[in-house]
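Presented below is the structure to which this report refers.
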Amino acid sequence: MKAYNPEFRSRIKEHLKKQEFMHHMGFNLDVIDVGRTEGRMKLEKIHNQQTGLVHGGVIATVADIVAGFAAYTLVGPKEGVVTGELKISYLRAAKGDTLYARGWVIKQGKKINFCEAEVYVLNGGNETLVAKATTSMVII
Amino acid sequence: MKAYNPEFRSRIKEHLKKQEFMHHMGFNLDVIDVGRTEGRMKLEKIHNQQTGLVHGGVIATVADIVAGFAAYTLVGPKEGVVTGELKISYLRAAKGDTLYARGWVIKQGKKINFCEAEVYVLNGGNETLVAKATTSMVII
Amino acid sequence: MKAYNPEFRSRIKEHLKKQEFMHHMGFNLDVIDVGRTEGRMKLEKIHNQQTGLVHGGVIATVADIVAGFAAYTLVGPKEGVVTGELKISYLRAAKGDTLYARGWVIKQGKKINFCEAEVYVLNGGNETLVAKATTSMVII
Amino acid sequence: MKAYNPEFRSRIKEHLKKQEFMHHMGFNLDVIDVGRTEGRMKLEKIHNQQTGLVHGGVIATVADIVAGFAAYTLVGPKEGVVTGELKISYLRAAKGDTLYARGWVIKQGKKINFCEAEVYVLNGGNETLVAKATTSMVII
């Protein structure tokens, strides 16, 4: 795995400022490394669906963010990535204090960086895996 | 296709009041029929990612909502549905005035209602298909 | 949708001769049109899994073939396609005389042709949809 | 993770005898453990697509088999599993002597055992990951 832009961290931090929807949700990307990122957010009532659990759309969004920026850490200075497709499996009901997500590249390619992401709920001292995603991040 | 709860419309309308994240985004489900739903929202700056296009997470969320409630129209009074998994393909960049989504059941089952969803961007008079999703809605 | 190689039919027919696994299964691609293909095969005992139903792998294989060649009809003379990813939903148990599949491109792109496929079982006069697939065909 | 049928190994071995398509391909399941299985086959010309690489359908089939039987190791004596859906990402071109696959359950549930599978090609001393799959195995 190779980062073709040595300035990937500062470049991504600039981009994050303009990630409107991520800020609207309250998610923060706090680890940016070669081929992997992590982020978290405090869970609020606004993140729920009708039964009081975290909305599947929130979970898909953070999976997309951590996987997408993991792919982004590897591309060249004049390249970017867009999500080609994402599949997410909802393994357990999500309810807790904090949502934590991590994404990583499983295969770096010329056209596609294949990535995965896991989403966890933290509740007091407990950590529960609530969803797993696989995705094709297309290099543009 | 059979709706096992004749009161599905009023039941879903009650549920929608408590869909916190859907309201936080501004999405509204305006068609609820046997095995299919439709909804839309005005696109605002808060829905964007860093390049000014609609965030993939927003698109995945509305796909999940229209497919999930399409599945919900068919289940019995004591049943509900949860998203087992969702795959979404991002076909085109999304930029416009309004996001419109429609979801439908392609196979009603005892354990799973398999659904699909399409998400469109409306821009002036033009309508563009920006994403297509397939999903397994698990009956609980 | 545009076929960048006017000779796509003859080119695909040449390729099909060398599709070893397709012949090993007995599948035949009998419709090759701009952005879509169809094929069928007689179902034999060798196509089954342990309970006497058609094996999910057989169904995934024919979905991959019809979607892949649908994508192939559109690419230029010096291009090819490979399957980037495929998701298939198994809607019903498959048992019958004949397996029929059709694939089509839903979005032609520069890097990816997004495709779908449906697989049917024919049993006497009845036709049953047994699976639906979505796939990213990467242009190389 | 819990195997609800202590006799799962002998039961699966009985089933494997009747896996017609698996035998037609030449695949053999040689590890059957609680929540995980492994198998392999010698690669022959019949497994190829037109460019001399292993057919994507072969790879999807072995992924389905190892994931499906991994799910099967956990269900009760009167239960079985069927593949609800499978998504497979093709990471690298597959060419070599032997195809090796392993599948495992990532979340055991009451209705669905969520599984993953990896498919490798062995070529002389080298082992290459060529595909990764995620799947919902529905308990029946």
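To keep things simple, chains are lettered A, B, C and D as they appear, and every chain counts its residues starting from 1.
The rule we apply is simple: contacts are C-beta pairs under 8 Å (C-beta built on N, C-alpha and C of every residue); 3 or more make two chains touch, one makes a residue touch a chain.
A quick note: this is a predicted structure, and the numbers were derived from the prediction, not measured.
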Next item on the list: Farthest from chain B by Cα centre, which chain is it? Let me know.
Entry: D
Checklist line | Pair sharing more residue contacts (C-beta pairs) when B-C is set against C-D | finding: C-D
Margin query: Could you work out how far the Cα centre of chain B sits from that of chain D, in whole Å?
Written below: 33
Notebook entry, point to check: If you average the CA atoms of chain C and of chain D, how far apart do the two points sit, in angstrom?
Noted result: 21
Next item on the list: Take the average of all CA coordinates in chain B, do the same for chain C, and state the distance between these two points in whole angstrom.
Entry: 28
Notebook entry, point to check: Could you say which residues in chain C touch two or more other chains, in rising order?
Noted result: 84-85, 87, 89, 134, 136
Note to self: Quick check: in the complex, which residue numbers of chain D touch chain C?
What the structure shows: 15-22, 24-25, 45-51, 55-58, 60-62, 64-65, 68, 80, 82-90, 93
Note to self: With touch defined as at the start, can you tell me which chain A residues reach chain C in the complex?
What the structure shows: 84-85, 87, 111-112, 134, 136, 138
Next item on the list: Spell out the part of chain D that touches chain A in their complex, as residue ranges.
Entry: 87, 89, 91-92, 106-107, 109, 114, 129, 132, 134, 136
